[in-house]
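For reference, the structures are reproduced in the following blocks.
In the two complexes below, chain A is the common chain; its partner is chain B in one and chain C in the other.
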Partner chain A sequence: MSKSVIETPPKGGFSFDLCKRNEMLSKKGVNPPSFRKTGTTIVGLIFQDGVILGADTRATEGPIVCDKNCEKIHYMAPNIYCCGAGTAADTEAVTDMVSSQLQLHRYHTGRESRVVTALTLLKRHLFNYQGYVSAALVLGGVDVSGPHLHTIYPHGSTDTLPFATMGSGSLAAMAVFESKYREGLTRNEGIELVTEAICSGIFNDLGSGSNVDICVITKGGKEYLRNHLQPNPRTYTSSKGYSFPKKTEVLLTKIIPLKEKVEIIEGGDAMEE
Partner chain B sequence: MDLEMNLNAPHSMGTTIIGVTYNGGVVLGADSRTSTGMYVANRASDKITQLTDNVYVCRSGSAADSQIVSDYVRYFLHQHTIQLGQSATSKVAANLIRLLSYNNKNMLETGLIVGGWDKYEGGKIYAIPLGGTLIEQPFAIGGSGSSYLYGFFDQAWKEGMTKDEAEQLVVKAVSLAIARDGASGGVVRTVIINSEGVTRNFYPGDKLQLWHEELEPQNSLLDLLNSSNPEPMNI
Partner chain C sequence: MPKEQANWSPYDNNGGSCVAVAGADYCVIAADTRMSTGYNILTRDYSKICKLADKCVMASSGFQADVKALQKHLAARHLIYQHQHNKQMSCPAMAQLLSNTLYYKRFFPYYSFNVLGGLDNEGKGCVFTYDAVGSYEKVGYSSQGSGSTLIMPFLDNQLKSPSPLLLPAQDAVTPLAEAEAIDLVKTVFALASERDIYTGDKLEIVVINADGIRREYMDLRKD
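Entry: the complex of A and B
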């Protein structure tokens, strides 16, 4: 890509000047503060009745695990869920934003949301920010035109696939899918395969760990299986329990209940203009 | 190999894309590999995207840029078709792509080949490489794998081929490029557009002809061990 020689007045849209300044500073050794990433293994696959999404639950801040049980499968619509990898703030913000836009669109059209709508909203947003919104997503759902599964990359490109993996553990999970996926899996086979793929990421990738979350979406509805599998329980806790020496003496305990200042009327009249 | 950097690399399509005219229409062909750094993000992608009923475009370069450009052009062509009252010509589609590519040349990284059939000019192929130039050619090649095909086309291309000859030429060319270019691979997809309509074809990678030093596709090394007389490995 060539640099423009002539100084053109700003045409509007996002200004990437500070991004260039940050890159220049990084090269000189001044690093920005580390931010919370979801190292992550996220997967999705299409089975005979719909879509199954899976994710691990580790969130990292540089080398530290800052959340051992975070939720990476985000709600977009009653029939659409989205797994997010990359910067935790970016995935949360972008999925929340598109989820609100989808709800407004549902009110506007009076119909159930479609997966391609969510896909287009997400890819337009991410493309406009040219990859600086670091969100890599696996979007899955079932709508009137059937089950759909898409991957969305931070630069705004999308792929439509029967099975997909994203995140730092994607290679480990993809190896499991490539060897064991076939069309027309049943619900239990699908859940087992997704669990196996996420576990492969959890145990072989340093950026992923803790538990497995699963979300099964079919025409009838959705099932969010939070912590479907917990292969990393906390072992070696002291059987005696932990006791910490008391340092501050309690002199007096006084409890004052708060008085209700508001009268709650059951029923009441409807608001009139 | 630094995995962290690779998975955050922009999604690019290494690619081999081809567009060829024949007497009666055009044949577009492409491989199916999309890579992020050294990892194959999608081994079965569809790089031949529909713009209108009779005009398709082969995409190469940055996946995001080419998808967005083709989305915009599909939208403009849809409006144009309504205003015109009949289907758009391939020349209009190519020019819309060219305008977007040229005017945003600093920010886009995408090479496209537009192919279509219309009742005024018949089958036409237009190449719009990186800078946004528009060039109408009897055949066009693009993408990283095209470097290996210039000599092949100089020798193998001829005017006035039939539909089957043209399609076989395209499949052979993409398969040769896949054999030599690391960034191309997967399956070969072709789209034939003529007065009768559009035909999509699919050639899986392991069914393609084998070239110099290419081995037969194996399902698993375990098959070799379990067979009755395993061949000794030859260097």
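Entry: the complex of A and C
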């Protein structure tokens, strides 16, 4: 009987077969392509009526800005939003996935989603992937048990906090929060504080920039203030504009008509079934 | 036993971009004023442009400690030249000196990416562009630094003749007027600060012409 290799169907999760080869290649100086990270500042805080989330809008690929106005505050449920930092694909995929899981759960239970549900679904997924899904999230929302704010780290640990920051600009934003946060802020005070924290990240961290997005969630509903503040307009536009002439010069124009392959017969029978 | 790698590097990159454009009777040299390390900004107000001689100015991006040492070295050599020859160094002479100075440290280079701009002995604008170890070339325009990959294609599109077949080989000088060249440089830096995180804050423009040297500033994106 001949020995045959049984084709097993691929298992789910990550395949680490190429790790050794990648390591060998990087030792020789051949580096793998970098992921597009959001190099971000994201914040959240709890105020007297609910939760305010804030984020900057710059997405970077190494030292280059690849998106000047991306959306980092993701929808999870009508009363729950999530800001994402880290690898852009990971934050998008994980929030979309949990958002649809929450919707199915809402149909199943007939009740409004709770923030702790989203929290558990996210942390279970991230822990399962042992930190390889590089998503650092700030999850906030208001449900029947009140306003909630959580941070979730790529390895799956979570914190429950009154104010939180994540991303490369988190230290700049946390400096603002630690000096100015107090309990029982009003809506306008909260928005102002979040804007200030995000601006601190935008101007002092090179990985964050462009505009400020805000999302205010209360028991009554949510308010998504896209581009609430735009402190970085283009600095100089030339008044005369620039033209871009064609740079490939035409040396010779020669047109050769192709021969007709089909001869057209005039008259003939009309087409029949 | 596999080769061990050093965990400490003597170099750091402080970011930033420089541009120089040569004209028929002027030269424009510009650089941003942001100095950074990693994701942090060290200062928003650092000049990368240094006047080496009367009609010769250098802009350098890269590791500013090495740039500072290089500038000091060149200034000292220029002083010696003045004592020995009783005149200022011309731009082409300074260009050669800079190239030799850089190659001298071929095996522990100055991490400095330079563009040298000025007027030659006849009063025509000239720009020399260098790599880190001293290879140089006289050109009509050049850019170096973190934003150079974004800036250079735009300058090529606007200033370079499309092909040697259409126009005869150019004299390494752009046909633009001084005001147009300054406008181009401002546009180019506004463009670079949009997409390069290391370029921004303020733009310093130095213009050299027959009347002397003048300095201009413009605000750039601060994020």
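As a working rule, the second predicted complex is superposed on the first by the 210 of 273 C-alpha atoms of A that agree within 3 Å, B and C clash if a C-alpha of one lies under 4 Å from a C-alpha of the other, contacts with A are read in each partner's own complex, and residues count from 1 in each chain.
The rule is simple: a contact is a pair of C-beta atoms (placed from the backbone, for glycine too) under 8 Å apart; a residue touches a chain by one contact, two chains touch by 3 or more.
None of these values were measured; they are calculated from a predicted model.
Undergrad: By the touch definition at the top of the document, which applies to A:Ser168: first (chain B), second (chain C), both, or neither?
TA: Both partners.
Undergrad: Go through the superposed model and pick first if A:Leu252 touches only chain B, second if only chain C, both, or neither.
TA: neither
Undergrad: Where does A:Ile265 make contact in the superposed view: on chain B (first), on chain C (second), on both, or on neither?
TA: After superposition on chain A, A:Ile265 lies in contact with neither partner.
Undergrad: Touch test for A:Gly156: chain B only (first), chain C only (second), both, or neither?
TA: A:Gly156 contacts chain B only, not chain C.
Undergrad: For chain A, which side has the bigger count of touched residues, chain B or chain C?
TA: C
Undergrad: Look at A:Thr235 in the shared chain and tell me whether it touches chain B only, chain C only, both, or neither; answer first, second, both or neither.
TA: After superposition on chain A, A:Thr235 lies in contact with chain C alone.
Undergrad: Go through the superposed model and pick first if A:Lys123 touches only chain B, second if only chain C, both, or neither.
TA: first
Undergrad: Where does A:Ser134 make contact in the superposed view: on chain B (first), on chain C (second), on both, or on neither?
TA: first
Undergrad: Do chain B and chain C land on any of the same chain A residues, and which?
TA: Dual-contact residues (chain A): 168.
Undergrad: Would you mind writing out the residues of chain C in touch with chain A in their complex?
TA: Those in contact with chain A are residues 2, 36, 38-41, 146, 150, 157-158, 162-163, 165-166, 183-184, 186-187, 189-190, 193-198, 218-223.
Undergrad: Which bits of chain A are touching chain B when the two form their complex?
TA: Listed in rising order, the residues of chain A that touch chain B are 1-4, 123, 126-127, 131, 134, 136, 151, 153-159, 161, 167-168, 170-171.
Undergrad: Going by the contact rule at the top, pick out the chain B residues touching chain A in the complex.
TA: That would be residues 3-4, 7-8, 10-11, 34, 36, 39, 41-42, 44-45, 62-64, 67-68, 105-107, 109 of chain B.
Undergrad: Which part of chain A faces chain C closely enough to touch in the complex?
TA: Result: residues 27, 39, 58, 60, 63-65, 68, 168, 202-210, 231-232, 234-238, 240, 242, 244-249, 251 of chain A touch chain C.
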